[in-house]
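Next come two complexes built around chain A: one with chain B, the other with chain C.
== the complex of A and B ==
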């Protein structure tokens, strides 16, 4: 029983860590967006306001995929272990031989 | 024009309406929340539940805090818009006019001219979202780090978007789903429902990740300070490194990120509503109807 719970907790933590690999994508994307915005401002400093607000919008949209991963990681850390352990205990009540 | 005593009393009452809800929330939190040690990342605390026929209705911390934010914003707006004049205006009227002009300018820049009266709605979204996120500066639970609150706003925006998409009738809307090719209809349907989900997750994830990181950093600094200063008899008990250093993170996560997310939520609302509205078709149909009326006369 302790071994099963330990495996559940460990796998949840591993899964959360692996889910956050998705943070690479938004990082690269936002870096590209900011680099281009810097170039645009250097070329046309009078358009700074418009470029900045467009860049922030683009960054927010690019960030979404990373945030999906974050939500999954948070669910795996805070919600999933309790749920899976509950399922395990429920199963043990009607399979007493396990 | 001299200010009378009655005016002053009303001003003070409105200022109290601005400050008191947040103070009440802080007192309620101090009274109800159990003290915690170490890493403590919890959701919104349930204050009490109201029994309902289908399912019990829990009244959570995030609900109470968002009601407090609503009261605060009402008090602030009433305070700012009192005694408006045309000549030699006061500082608070300057502030009120600045806010109104900025939101109207935002709506004018980003939306179709058909939506020129959208200023109050966008201002409401901006204010509610920004104040909710900034509530974490008072040590309170920010309502925007609860998915339920943000999902409610996103569903509201989704209803608004769909209403303006239906402006040319349901048939035109259904035809829009099969574009550019009829095979892509399922993907278009998914895209339709992905809008509110992604809006809710974006706002919630940004605010929540900030608070989670802040808690982790504070706990780590506590451990570090007990490692470094632990050998000093009395001072070692106090987590010295926790003083001031998490505030640097708080500037980014609470102030900057909170305001930025409010701005982004409002911008996305404007862009989706304005982008989903079939403007050309709508005005063409309206012109046709007007022409028919003219010819009938």
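== the complex of A and C ==
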């Protein structure tokens, strides 16, 4: 029983860590977007407002990917272990021979 | 400290307004399904504020980055994104670790409200252009 609970907790922690790998992507994407925006503003300084506005919205969209990963990681750490251990205990009461 | 760019100010006010509107909607949904209590309100306040603050910090970083060289801007935005993600992680962990004060779902859902605000942005802009 303890081994099964340990495996569940370990897998949840591992899953949360793996989910957070998705947090790397938005940083790279936003960096590229801003670099291109710098170039665009240098070429057309009069369009600075429009470029900044579009880029800000683009960065916010890109960042959501990281936020989804964050939400999944939090759920895996704080919600999933209790739920899975509960399911395991229920299963053991249903099948007492195990 | 440099003053806030009018574009950043305008977009942050827009996002804050949409987050407020969606927060009210979320409170109403919790009330309708009979799950409302003070923890929902505190959770919503915590993460709604964090979401708007995150967008404001993104705006300030972008405002500063566009005046820099390409490579420097890239590094700056990457560092900012990492720090802001850590900030949101801390907010989410605080919300999840204190179930007596914050409702977990009321903390997690408002973090995604700025995305909805961005989705609605072209629609509202079209309306403004049309009137």
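What we mean here is this: the second predicted complex is superposed on the first by the 98 of 98 C-alpha atoms of A that agree within 3 Å, B and C clash if a C-alpha of one lies under 4 Å from a C-alpha of the other, contacts with A are read in each partner's own complex, and residues count from 1 in each chain.
Everything below uses one rule, namely that contacts are C-beta pairs under 8 Å (C-beta built on N, C-alpha and C of every residue); 3 or more make two chains touch, one makes a residue touch a chain.
What you are looking at is a predicted structure, and each value in this text was computed from that prediction instead of being measured.
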item: Touching partner for A:70 - first (chain B), second (chain C), both, neither; value: both
item: Chain B or chain C, by number of chain A residues touched; value: C
item: First (chain B), second (chain C), both or neither touched by A:41; value: second
item: Partner chain(s) touched by A:52 [first = chain B, second = chain C, both, neither]; value: second
item: Touched partner set for A:60, first chain B, second chain C, both or neither; value: both
item: Overlap of the chain B and chain C footprints on chain A, listed as residue numbers; value: 53, 56-57, 60, 63-64, 67-68, 70-71, 74, 78
item: Of all residues in chain A, those that touch chain B in their complex; value: 53, 56-57, 60, 63-64, 67-68, 70-71, 74, 78
item: Of all residues in chain A, those that touch chain C in their complex; value: 23, 26-28, 30-32, 34-35, 37-39, 41, 48-49, 51-53, 55-57, 59-61, 63-64, 66-68, 70-71, 74-75, 77-79
item: Chain A-facing residues of chain C, complex; value: 5-8, 10-11, 15, 54-55, 58-59, 62-63, 65-66, 68-71, 73-78, 81-82, 84-85, 88-89, 92-93, 96-97, 104, 108, 111-112, 114-115, 117-118, 121
item: Residues of chain B that touch chain A when the two form their complex; value: 41, 198, 201-202, 204-206, 208-209, 212, 260-261, 263-264, 267-268, 271
